[in-house]
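Next come two complexes, and both contain subunit A; in the first it sits with subunit B, in the second with subunit C.
On to the complex of A and B.
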């Protein structure tokens, strides 16, 4: 693996984890009686940026290295389902995350301008779904890494 | 540059901050509930302990994934098959779910405290005692028993120091 690919993989994992962490903070902050909308806006805005960086770096890694060098190893190993089930699911579900966080950011922007209980509940739900999908994707990443042997 | 010692250090600092934060959060909670109401000063102290706890959790998870990357890049994926790793991951999962349940007030505060304290100390012990090679389910069984024991300890402490209407409440 070239140094560029190593740094790409590191960036993909770390920005992804940071983005999930920020969404977790957003969700927890929503549970407060009086959330700070400015703070939530900043957190969700950064999570959009970090998910996009994670998305771009993963795409580069997948196209230039994973498909050629890692996937055949997994498919020929003892755990081909790690690719067939988890990577296939991960690469499709992951597409949603930047858009979900973008929707979350927009909802928070609206909530900052005008209080709306229904919209707040919907935004909380979006944060929860994003967090759950993010956790699933992170766990899938661990399984896929473990299957490379 | 050798990354492993730095990762181990950050990981252990995260676990120590989490375990310390959870301990002081519980101590501050009991002290705050002694007179039946939480004053603004007591609330500030608790917020400080929760901030330390969150920082510990952040460092633990971030360094955990850095470990994953390190082992993947060094072709040492056998680490990912260790029961200790999966037990720790399960405990961290329980910790995250417990934090959400506590925040949404869907769990009894005594059980929430017991899960939080046990999970943090379990993460610390599993982080320090590497390569134990205990089976996954045996580790989790010890963890569950420890949570139950911790519940009785926390309940006894609350019973001794807090008025009944605060210890018997369902939520935090």
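On to the complex of A and C.
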């Protein structure tokens, strides 16, 4: 594995986890009676950027290295289902996350200007599902890493 | 409500509709692509990798719908319903793809 691939993988994992962490913070702040919309706008905006960076770096790592070097190891090992189920699901479900966080950011921009309880609840639901899917993806990543060893 | 907020409502509606289309297209391309090799091979031949193809098509579908729909009329009272639809369809898409890969691994089809 070249240093470029190592840094790419680290960037993919770190930005992905950070993005999920920021969505978690947004969700927790929604529980407050009067959240700081400017703060939530910044958090959700950064989560969009981080998810996009995670997506781009995963594309490079997955296409140039994973398929040729990691996947055969997993498929030939004791836990081929780690790739067949978790990697396959993870790589496809991930694609939804940047779009969901973009919608969340747009909703928070409106909530900053106009308070609406129904819209706030809908935004909270977007954050909750994004967080749940993100947690599934992160746990799948841990499982896949374990299956390589 | 001021015009600036109207534009924001239009953009949220456009994003929700874009998400619905992406969630459906992604699930269909993923599941059908595994069951019908020509689809996966076509994605590979155009985009060099099937996953890059699905990623690129998701961005294109979302961008086109967002650009078209973000200038169309949007109703604040109907907005939460569209957002819930987008989120539920995304969750359903994620569930369908995961369930498919479990069933496929177990050779159920």
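One rule holds in what follows: the second predicted complex is superposed on the first by the 149 of 149 C-alpha atoms of A that agree within 3 Å, B and C clash if a C-alpha of one lies under 4 Å from a C-alpha of the other, contacts with A are read in each partner's own complex, and residues count from 1 in each chain.
Rule of thumb we're sticking to: a residue touches a chain if its C-beta (ideal position, glycine included) is under 8 Å from a C-beta of that chain, and two chains touch if they have at least 3 such contacts.
Please read all numbers here as calculations on a predicted model, not as lab measurements.
J.: After the alignment on subunit A, I want to confirm one thing: do subunit B and subunit C clash, or do they fit together?
T.: fit
J.: Considering only touches as defined above, state whether A:75 meets subunit B (first), subunit C (second), both or neither.
T.: It touches nothing on subunit B or subunit C.
J.: Just subunit B (first), just subunit C (second), both, or neither: which does A:126 touch?
T.: Touch partner of A:126: subunit C, not subunit B.
J.: May I ask you to decide whether A:146 touches subunit B, subunit C, both, or neither, giving the answer as first, second, both or neither?
T.: first
J.: Between subunit B (first) and subunit C (second), which does A:85 come into contact with in this model arrangement: first, second, both, or neither?
T.: A:85 contacts subunit C only, not subunit B.
J.: Quick one: is A:28 in contact with subunit B, with subunit C, with both, or with neither? Answer first, second, both or neither.
T.: After superposition on chain A, A:28 lies in contact with subunit B alone.
J.: What is the value, to the nearest 10 degrees, of the angle subtended at the Cα centroid of subunit A by the Cα centroids of subunit B and subunit C?
T.: Superposed on A, the angle at subunit A reads 140 degrees.
J.: So which one touches more of the residues on subunit A, subunit B or subunit C?
T.: For subunit A, the partner with the higher number of touched residues is C.
J.: Determine the nearest approach in Å between the Cα atoms of subunit B and those of subunit C after overlaying the two structures.
T.: The answer is 20 Å, the least C-alpha separation in the overlay.
J.: Does any part of subunit A touch subunit B in one structure and subunit C in the other, and if so which residues?
T.: No residue of subunit A touches both subunit B and subunit C.
J.: Considering only the defined contacts, which subunit A positions touch subunit C in the complex?
T.: 55, 59, 62-63, 67, 81, 84-85, 88-89, 91-93, 95-96, 99-100, 102-103, 106-107, 109-110, 113-114, 116, 118-119, 121-123, 125-126, 129, 132-133, 136
J.: Would you pull the subunit B residues touching subunit A in the complex into a rising list?
T.: 58, 61-62, 65-66, 68-69, 71-73, 77-78, 80-81, 89, 96, 99-100, 103-104
J.: Taking the touch rule as given, give the residues of subunit A at its contact with subunit B in the complex, in rising order.
T.: Residue positions touching the partner: 1, 6, 9-10, 13-14, 17-18, 21, 24, 27-28, 31, 135, 138, 141-142, 145-146, 148-149.
J.: Which bits of subunit C are touching subunit A when the two form their complex?
T.: Those residues of subunit C that touch subunit A are 1, 4-5, 8-9, 11-12, 15-16, 18-19, 22-23, 26, 30, 48-49, 51-52, 54-55, 58, 62, 76, 79-80, 83-84, 86-87, 90-91, 93-94, 97-98, 101-102, 104-105.
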